[in-house]
Amino acid sequence: MSDDEIKMVVAVVRPDKLGDVKQALAEAGAPSLTVTNVSGRGSQPAKTGQWRGEEYVVDLHQKVKIECVVSEIPAQDVVDAIADAAQTGEPGDGKIFVLPVEDAVQVRTGESGPEAV
Amino acid sequence: MSDDEIKMVVAVVRPDKLGDVKQALAEAGAPSLTVTNVSGRGSQPAKTGQWRGEEYVVDLHQKVKIECVVSEIPAQDVVDAIADAAQTGEPGDGKIFVLPVEDAVQVRTGESGPEAV
Amino acid sequence: MSDDEIKMVVAVVRPDKLGDVKQALAEAGAPSLTVTNVSGRGSQPAKTGQWRGEEYVVDLHQKVKIECVVSEIPAQDVVDAIADAAQTGEPGDGKIFVLPVEDAVQVRTGESGPEAV
């Protein structure tokens, strides 16, 4: 038990790491998650390229956002599982953020609080 | 008035419940919302099926995420309205989370704080 | 330095303002961001129209959501940069919300805390 605290772990990672992250989360005991297709950029300047003689700029890269709300499992375990599964060591591996959550409700049962996560 | 507090209510529900949720929110006095197409899984193990003799696994289900930031209307009223409108009683009905928000700005006017929500 | 605090600035703006917002954020020293295609409605009642003699209701408008997590740069600077770049003065310009973030991890390095943002 993590003292009734609820956290939302938000990770933005490479799309081809989604499968590994899902498996790592299930193994960490936190299988529930929500996935969104996003695009983004990090701290590197935009890359320029050439296509049929035209110069173009790639400044947003396809990523997936994974949101995983937990209460029984410590957020740190979820963060570690995601970071480990998503890492390649190359620029663009992504970021993980931990946000506080004040309440949760399971729609099917109407139950609320940490037990509802 | 809920004491100047701003909350973000984040709900992940069945796509075919979006219409009912929008109507319920308007009736609760909280019509403003942002909708994202997402996919996700809850606590049930993945389902396996057969297609043309091949086994496949359905592990992510299409859902919609609804974000509704409120200040005058209590977050609890918004949560109750969504939960009531989105419930079928079957597994997969979704979850609702309440997050703290520290500030809000209305872009058109530049106004900030709870009044800007 | 803003005292080790990490904030997530969430903005929902007109899609055709994304370019201006990206440039404004880069100029403000906060180039990193995540973009999601969303739809939504604000406080105005839905608009009705006519198409081939049929009445229809437009109640969700296409928007983009921009998430920008910062620690060194004050969240207020990011909010101001986005609001300034996204404003037209017409209804529908969007909203900006500031959420607290408790921790951040850079996946490539495993580094955590405000330095990892």
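In this document, chain identifiers A, B and C correspond to the written order of the chains, with residue numbering beginning at 1 in each.
Definition applied: a residue touches a chain if its C-beta (ideal position, glycine included) is under 8 Å from a C-beta of that chain, and two chains touch if they have at least 3 such contacts.
Protein names from UniProt, one per chain: A, B, C = P-II family nitrogen regulator.
Worth saying up front: this structure is predicted, and the values here are computed from it rather than measured.
Under the stated contact rule, the graph of chain-to-chain touches is complete, every pair of chains being in contact. Superposition angle, subunit A onto subunit B, using Cα atoms only: 120 degrees, a multiple of 5 between 0 and 180. Computed from the mean C-alpha positions, the centre of subunit A lies at a distance of 18 Å from the centre of subunit C. Contacts with at least two other chains are made by residues 36, 99-100 of subunit C.
Those residues of subunit B that touch subunit C in the complex are listed here as 6, 8, 22, 31-36, 69, 99-108, 110, 112, 116-117. If you check the complex, the residues on subunit B that touch subunit A are 7, 11-13, 36-43, 59-60, 63, 65, 75, 79, 82-83, 86-100.
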